[in-house]
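Have a look at the structure below before the remarks.
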Amino acid sequence: MRWSQSLGGMALTLIVLNFKTYREATGDSAVALSKICESIASEYGVDIAVAPQAADIRAVASAVSIPVYAQHVDGVGFGSFTGHITAASVKAAGASGSLINHSERRLRLADIEASLRACRSEGLTSIICTNNVATTRAAAALRPDYVAVEPPELIGSGIPVSKADPEVVRGSVEAVRAIEKDVGVLCGAGITHGDDLRAAIELGAVGVLLASGIVKAKDQRKALEDLVTGV
Amino acid sequence: MRWSQSLGGMALTLIVLNFKTYREATGDSAVALSKICESIASEYGVDIAVAPQAADIRAVASAVSIPVYAQHVDGVGFGSFTGHITAASVKAAGASGSLINHSERRLRLADIEASLRACRSEGLTSIICTNNVATTRAAAALRPDYVAVEPPELIGSGIPVSKADPEVVRGSVEAVRAIEKDVGVLCGAGITHGDDLRAAIELGAVGVLLASGIVKAKDQRKALEDLVTGV
Amino acid sequence: MRWSQSLGGMALTLIVLNFKTYREATGDSAVALSKICESIASEYGVDIAVAPQAADIRAVASAVSIPVYAQHVDGVGFGSFTGHITAASVKAAGASGSLINHSERRLRLADIEASLRACRSEGLTSIICTNNVATTRAAAALRPDYVAVEPPELIGSGIPVSKADPEVVRGSVEAVRAIEKDVGVLCGAGITHGDDLRAAIELGAVGVLLASGIVKAKDQRKALEDLVTGV
Amino acid sequence: MRWSQSLGGMALTLIVLNFKTYREATGDSAVALSKICESIASEYGVDIAVAPQAADIRAVASAVSIPVYAQHVDGVGFGSFTGHITAASVKAAGASGSLINHSERRLRLADIEASLRACRSEGLTSIICTNNVATTRAAAALRPDYVAVEPPELIGSGIPVSKADPEVVRGSVEAVRAIEKDVGVLCGAGITHGDDLRAAIELGAVGVLLASGIVKAKDQRKALEDLVTGV
């Protein structure tokens, strides 16, 4: 579902929490963190999606009712593709969307497109990650639901892209509007606090993709509460 | 656990069924096929391990008590590794082993070694797949629990390697004995029938790795029954 | 140089001959074939560029005065990048352009963009190869000099894309015009004869990318002559 | 040629200088640096091989008579392999050996083996790079002419592996002797001075692989002279 279609066209801010392979978000901890996200989402009326590892999707999706996204889907379908992660398998496990081409799991252009098609054919929401304005333009041209622009040097830095490099966010928003205005722009890298999120929204983003700032926080609930005050 | 340690040193023939991303072995079908494997394993007293997709491991491991293997584990641990499959996550989901470097998911040498270390540190049985005698030698030098030699041109062919190219099996067995005699040699590619399995054992293999011959059989149970008559 | 700028805006048909790693186009044979191309280009007044292997660029560029393109350039610059092919090195050897992301050397999206930037900063003409209309759109959004659309299943088939799948050419031309009208569309895969080239031009392509039809022809000169009759 | 065969079995210390894609070793600068290496090799009676970028091999090999190595060779032969670097092409350009699997150009295990076979069939000396004792064992099992062990964290650090981590060198030498005693062990990463080289030889290495310490030295000749005093 495209963001612009939610609530009769009123765009809701989307927060996607990437669990990466953090110890604090693997196995039972993935389920526990997802429950915190669900509770905050409900309490504060915000949209939070969680993106656990493939092997954790089923446990998480059974435990919470907020959207669960895969971190990666290969551009292959049913067949002889040992070790690949298919859209069909993550959907069967309960996922309703996926990141594609995250900075830590970059794909070839043809595979991004194939992965996007696989997501579409399974009805999964798609978020293509990009690293600058030019790749954001290219990704938008493929017509995913979202692109998430994350300058790699800021990922995990604690320095929010919305402050350190507002131009990459603004430029991405403009580039996407010029090419495919239905594609929502998320903003990632270094986002932690409500301030960062608010700055991202003011730059034209419809949401944020974040990870370490919440997952590795001493108090995950408190960190999430701080974040959602930015909505 | 090394094969040679099972049953007080008496080697049991190991059958590993790779589910790949076949439709007939995804989601609910993965669970159903695993139950058939469990039933045959118990009825015939043979060792069968199943290797479903990462997102299906939890459902399969909850449903059966035979060993469940991952099809692939990345050589990374906890941390910033979005979209990767970690040993910790598949173990948390119920896996007790993993294929590494399957022909359809080849890894760089340094990553094979890192994946192997990750498996070891989580106590997962490791099977490194190889494509010829030379790479079998190299893989054995890394000291996994098993190597599984599969000439790529025979994978999915229905032509059993044990008949089409017995020398690659014999040569692999000899090469492994010369380098690391505790490493068990599995034989893959084209294995379907009891005859194929028997021929593999006679060539010195301690088991087989197979996929389409069983997964895509009209009657999976019957195909498995045919296979295990070879033990 | 953009195609549209040649001859005061009048677009010349561009023929790019990819030498791949064919024996008939390696080492001395690369030089010999390049001389044939130069002779035909001069005799028939057509634009032919040759794309030999990296190690052959210098010998070819010393021997002919038609444009010499690299087959691939990595998206890295000067530094610690052992085994990579840089824009600076192929330019120093005499190249004036490069293929990027050929079907047999696919790149990650971020690397395509980095390779393109590297080509630009060295003044090399850039041709991004794509596999369908969607990836052509994405590639055009990056603003290379050319995109070359080649359905992988037709590469080396002898079945010209301009006949087998005219829609992919027409769709690519339209998609590019809508996004970046200055980007020229080349059409590849299965092109051999003058007819194929003419059909490509009629579909809106400004040139062709071809390989085996010429390189592996019994009589390379005759094959080229047949081809250029299509201009 | 295996190191142990040089001078009637008397091993000569081999120095391999990796030019990477350094500006100071690209194009004309690659030729100039190679001439310095040749002059030092002749003056001091040491074996120095240079490894320039693929596109520079021909110019370098025409200018000097010391061995010229490629930095990388793909495991493919003649055929449809656009953008790949073949053993045949680097040999035609004048190379007599190649690095394989350098830390900055890691290969899949099956591709290392295929690259090694390609080098052998063209008569090229092969050096497989590895990152620790375990991968050194695996590489040696493939029977290249040399393995070069380089802990990635020390590459370019200026901290010589022979001092920072002598165990990885000693362990590699022992591992190789146990598996394939004809394979020579080179030692890389952080090597700059004559002391570093001497320490490497004392640990059992037959030579060194180095790069930035010489290439990026203010005075390349002086840096090389300092190094060869260690022989």
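We call the chains A, B, C and D, going by the order they appear; numbering starts again at 1 in every chain.
In this text, contacts are C-beta pairs under 8 Å (C-beta built on N, C-alpha and C of every residue); 3 or more make two chains touch, one makes a residue touch a chain.
Small disclaimer: the values here were computed from a predicted structure and weren't measured.
Common neighbours of chain C and chain D under the contact rule above are absent. In this assembly, the chain whose C-alpha centre lies farthest from chain B is C. Between chain B and chain D the centroid-to-centroid distance comes to 37 Å (mean Cα coordinates, whole Å). With centres defined as mean CA coordinates, chain D is found 43 Å away from chain A. Not a single residue position of chain D touches two or more of the other chains. A complete list of chain pairs in contact reads A-B, A-C, B-D, C-D. The touching residues of chain C, when paired with chain A in their complex, are 101, 106-113, 130-132, 134-135, 137-143, 179. By the touch criterion given at the top, residues 18, 20-23, 26-28, 53-59, 70-72, 76-86, 88-90, 92-93, 95, 99, 102-105, 155-156, 211-212 of chain A touch chain B in their complex.
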